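Across the two complexes that follow, subunit A remains constant while its partner is subunit B and subsequently subunit C.
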Partner chain A sequence: MSTYDLNFARWVYENVDGGDKMALCMQCGTCSGSCPLGAQMDYGPRKLFMMVRAGLKDKVLESNTLWNCVSCYNCVVRCPRQVPVKYVLHSLGTAAVRAGIPAATKSDNARFARAFWWSASKLGRTDERIVTALFYFSYGLSKGFKMAMANLPVALGLVKTKRMHIGAPYMCKNKGELKTILAKAAEIEARHAK
Partner chain B sequence: MTKTMNYYPGCSSQGSGIHLDTSLKAVMGKFGISFREIEDWNCCGASVGHICQGHLPVAALSARNLAAAAAAGPEDVVSPCAACYLNTHHTNEEIRNNPEMKAEINEALGAVGKSYDGSLKVRHVCEVLVKDVGVEALKSKVTKPLTGLKVAGWVGCQTVRPFANTEAGGQWETYDEPSFLDDFINASGATAVPFKAKTKCCGGSVAVMSPDKTLELIKDILDEVKASGAQVVATPCPLCLTNMEMYQPEINKRYGTDFNFPVVFYSQLLALAFGMDAHKDAGLHQGLIPADVVVAAAK
Partner chain C sequence: MSERKTGVYLCSGCGIGEAVNMAALEAVAKSEFKLEPKCHALLCGDEGVGLIRADVEGGVNQVVVGACSSRVMADRFAFNTAMTIRADLREKVIWSHPAGDEDTQMLAEDHIRMALSHAPKVKQAEPWVEGNYSQRICVLGAGVTGLSAAKEAAALGHDVLLVERSSELGGHARLGSKRLPHKPPYDAPAENDLADLIKAVEGNSKITVKTNTTVTKTAGMPGKFAVTLSCGAVEDVGAIIIATGYRPYDPSKLGHLGYGASPDVVTNTQFEEMLKAGKPSRKSNGAAVKSVAFIQCAGSRDPNHLNYCSSVCCATSLKQALEVIHADPTANCYVVYSEMRTPGVAEELYRTAQKAGVIFIKGAVKAVDGDLTVHVADELIGENVPLKGLDMVVLATGMVPNSTNPDAAAQEYGQEQLNADIDPEAPIKVAGYCGEAPATVEKRVQAQPPGGSLLNLQYRQGPHLPVLHDGFADSHYICFPYETRRTGIYTCGPVRRPMDWAEAVEDSQGAVMKAIQAVRSASAGAALHPRVGDLSFPKVNLNQCTKCRRCTVECPFGAIDEDEKEYPQFNATRCRRCGTCMGACPVRTISFDNYSVEMLTTQIKAVKIPDEFSGKPRILIIACENDAIPALDMAAIKRHGWSAHVRILSVRCLGSVSLLCISDALSVGYDGVMLMGCKPGDDYQCHFVKGSAMAAERLSKIGETLKSMMLEPERVAQVEVSIADGERIAGVINTFVDQITAIGFNPFKGF
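After this line comes the complex of A and B, so read on.
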């Protein structure tokens, strides 16, 4: 039994990146047909957009479609109506995380994004060692250890070829400045979310 | 003639894509182009930063870099990394075209007394090689052509999508059939073989976090490499390179294949063909799958 939220489409049009262009979608399916991981999605972007229009809020925000976008931008450049499909999907994913939908907050993508953001915002740089370690251990100690061990040969290969350094991470010098800018940006972002 | 450009190397230049940075600087030096690194640059947010943060904090990352670049000089900002270029260019365009975004980004920068007005141009290094340097000039510097080496030119996604064919993006390439990479390969004296998976996606960051979803994508590309008769794959993208290198053993295990293709950056081929040191300048000892076949081709 599906529930319909008749205000959902309007909310998406007004609050999601590229949402203002979604009304232009003519359901041609070029996006779904162009998508590298379309076959693994619960619904392709075309169908998902129709579900947004129909007000199927829960199904949209719980769908794995939001987490199978690989950011290849095929859909963005091919859409005959210039709907920025990739941006819409990622922004819907952000909305699902903010709404606390378990399928979203526990997705690989959200875990990876949290690990990534820690490195990017705290250090000012992506440290590939720290991001992957934080990501692996977000699944708990034992699974994290297993994942880390499975990737050990690659890490050792990168160390051996001097593409992964040993020692303290590279960082921005002025981390305080970055922190202040990001805090202000988050504050402005929160203004919108209300 | 020397020319300075604002250079945004990106995080991979200190990690898995370090040999792109090394070889590119060596190549650019041959044309009198020097890269002035953006002072204290930070990460661009790549393709996942916004997922838990939203749009503006990620845009603020690029804005801080752009403000620092503008303070250093009005020269174009160039990046060799697909994601760095995409994010920086995207934010720059938002600042130029969206007054509300411009105000909000500057409000964030204003918290530390900085600002940025969208005055710079953000370009991919490959566009600079195509337009400012030119393929003929590349050929003219070749002293050790890589004759006989068969290379599959794999462009990937974000180097050309979604901006290479837009007005603001410089209209320097097409989205589905870009020719610049084959031109660079052929300029080095090697042969760019016809390659059907030229702009196919490796899975990007999803390949790093959920390889079960994306191994098949990389396997399909490797199938095309094999069918093309290429000995080596060349790409402009640091994430494409690392994904294709690191997942070949797993793909072989899962699909019963025997792939062992070295993956290199176009700039490594050029540096080598320009007669520069295969290791120190071209970084050709830094592949997870050894690229001896490339080094041996330089004569």
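After this line comes the complex of A and C, so read on.
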């Protein structure tokens, strides 16, 4: 049996991107009904929002709903109360990772996002080989090797059709400036978090 | 009335002239009634009305108009010095029957005959006016509703007697914090402006305020009520407005929601007082309230408690939650509901509460523990989740109408009397129909509020104002909301139905308008609702009266008492002119100037009954003018035609139909009789409350009479129709005609 965390909903309203609008959710279920990935989710957005209100913090942050959103924006367009459902879900995902919820930090999507972010922030570009390699080996050496081998024919096909190049990874020209930009963004975010 | 001079005017407009032979109609008036009709192609036009007006000025004092239904153009055909009788040639003839048909022509001619035959018997109504009438209005209860009523009545120039049971004015609002939004944009709690209202009332010289006072006795009738107060004074008033409001549902019955388990489980009324006093704190330890759960429908919409929704508790909880959050923005407020009901603009308040972070949980409360853990079966998550760490639980209890005085002892007749003349299963006590005792039927069990009557009415029907199920004062929710079952006494505010402050203010205005209409009509001798302005009045010929008391027992409004010699004595202004007394009287000695059993039977007998070889049956439909006649008109407007073998007789109420009308009809050769009236019973639609029930009761006794006449009881039937039955009514008539045709012709035909 779960317990209501009386402060969770209030925390979400105040700290999650779009959370203030979420307070207006009237539980019509248009978001869940519109979601193409609904069947893949533990709970649809409607139920997840109600769980937020109820204060079921752990269940919300552990749910795969946060990671299975594909940003199709059906829910955002259709919500009669203008709740930006997609933003709320992604923002809740971020919150889950920051809170160190294992189900969140170890999810496929979080791993992929980390790999993507490493490449993007370090190189200024996303190199398929680096992103996939980081993603695969985040599962450990042997599983990563197995995953890489399973995808080898695809990679070779891509190389053959010149969809993937062999050689040094692409990088942006001035990585120093990129670093400055990202540092500034982190500063702004930290300021907003307060 | 001076010498009668009748003018007959026929209209050939609206297609009447093309569908029926006007010359033949004129011939009926000429040859059978020796009257010279005037025909016009557009009688309701200025020229047509001018034609009649010229005759009226020339001395005609009775106008018979053969044109459209009496329900339309009434103002066009109204003349100061002449009374008007209408014969319907349009709705009930040409619009509901085929043009140029032989049967349609016979029908039109019979309508002319019915109108002209009884015209000589109709007299100009003379109003009953006697002695002095009070224009003063008594308002019972000085809460928001009563104060507003007093203020409004005084503003319209009437003296007001405001009676309040407690020592202070203001009622519940006096103890309340803010009030629900009542001004655009309707999205935030508004200031409690009761003090302004009290000041306006106390400063008004037209209003006499009596606090610590109750009414101990009310005698008399509209315009002439004598109200005895607990201080001993007897006050004359013309009309009474009941604004006794509500009391909160008894929370001690809500143990299942934790009431009594902890001092921190309170009702919304108690919480309101805490908000009024300042920042609410826990009763148990005095700590500030940081998280509150509001439990909606506490004892409402629950067959074990209050059956109904009180409609304001949801908005009240929203308001209280917002007040908590405004006082402390870090406070948590939960509203546990099954359905949020925020009618009208209260939706804006709901939105504000959502924006402010009030958390709404849909589900049933399973239990509330002593440590304030609320166990909710959350419907939207589908789990049982305990709500822990609360500081206070507020039960949103509903409104119980003060239809009685809960502090006083139950009155002599007690709870049975409170509902005796509304219970559909209760036997209608009719004195000696065919020597039968009234059937005893098991009564429906209805919970009634305990307590004494508010007015202690000195009416033969007992001291109470009749209430509907759930204890609210009996009135028609939509059509005539303020009227009670006692003429000249009106209810408004939550004693009538649950409502909030702003609605109660509006409601009081409605009731004041009715009360003013009551005092003014009473002094003019005119009827009130529903026959507004009717000057006719039941007159009894005491020489023929057999003191059978049927009229006194059957009058739905207590308008007839017995004098010391046991003759009927009329409380004139209580009368609503339905004619139930007239229908009840076995010796036909009660009649109105313009409505009597004789006038009805004359019309019935005026119809030409074809002999049995013609193959044309004749069926009489006696139709209530309030619902059945409009429904027939509506059917005609939609061109849902019915059999041309029926003849329709319009009556004020089925209660005014004497059995003699029916036996007369059968003895002159009608093949069947159908009574069309409103729905009787607990959710009655009869405009005179008991008329259609009374007709059914009388009709149930006619079977024996018919058998003794060697007639089939199926020849007489009663059907319920409502004003919305325009689509159905033609089918009802045709089915009955088929039934009668199957039985065969009336053997009395031709005698």
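FYI, the second predicted complex is superposed on the first by the 190 of 194 C-alpha atoms of A that agree within 3 Å, B and C clash if a C-alpha of one lies under 4 Å from a C-alpha of the other, contacts with A are read in each partner's own complex, and residues count from 1 in each chain.
By our rule, a residue touches a chain if its C-beta (ideal position, glycine included) is under 8 Å from a C-beta of that chain, and two chains touch if they have at least 3 such contacts.
Remember, predicted model here, so these are calculated numbers, not experimental data.
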item: Partners on subunit A (subunit B, subunit C) - clash or fit; value: fit
item: Partner chain(s) touched by A:L24 [first = subunit B, second = subunit C, both, neither]; value: second
item: First (subunit B), second (subunit C), both or neither touched by A:Y139; value: neither
item: Partner chain(s) touched by A:R163 [first = subunit B, second = subunit C, both, neither]; value: first
item: Touching partner for A:M50 - first (subunit B), second (subunit C), both, neither; value: second
item: Superposed model, subunit A: greater residue contact from subunit B or subunit C; value: B
item: Contacts of A:W118 with subunit B and subunit C, given as first, second, both or neither; value: neither
item: Touching partner for A:L6 - first (subunit B), second (subunit C), both, neither; value: second
item: Least C-alpha distance (whole Å) that remains between subunit C and subunit B when both complexes are overlaid; value: 20
item: Interface residues of subunit A shared between complexes with subunit B and subunit C; value: none
item: Subunit B-facing residues of subunit A, complex; value: 17, 36-37, 40, 68-74, 76-78, 90-91, 93-94, 97-98, 108-114, 116-117, 119-121, 124-128, 132, 135, 153-154, 157-158, 161-165, 170, 172-174, 177-178, 180-186, 188-189, 192-193
item: Residues of subunit B defined as touching subunit A within the complex; value: 11-12, 14-19, 40-43, 45-57, 59-61, 63-64, 104-105, 107-112, 114, 157-158, 161-162, 165, 175, 200-201, 203-210, 213-214, 217, 246, 249, 285-288
item: Sites on subunit A touched by subunit C in the complex; value: 1-4, 6-7, 9-10, 13, 20, 23-24, 26-27, 46-47, 50-51, 53-54, 56
item: Partner subunit A, residues of subunit C touching it in the complex; value: 291, 332, 351, 354-357, 359-362, 378, 380-381, 383-390
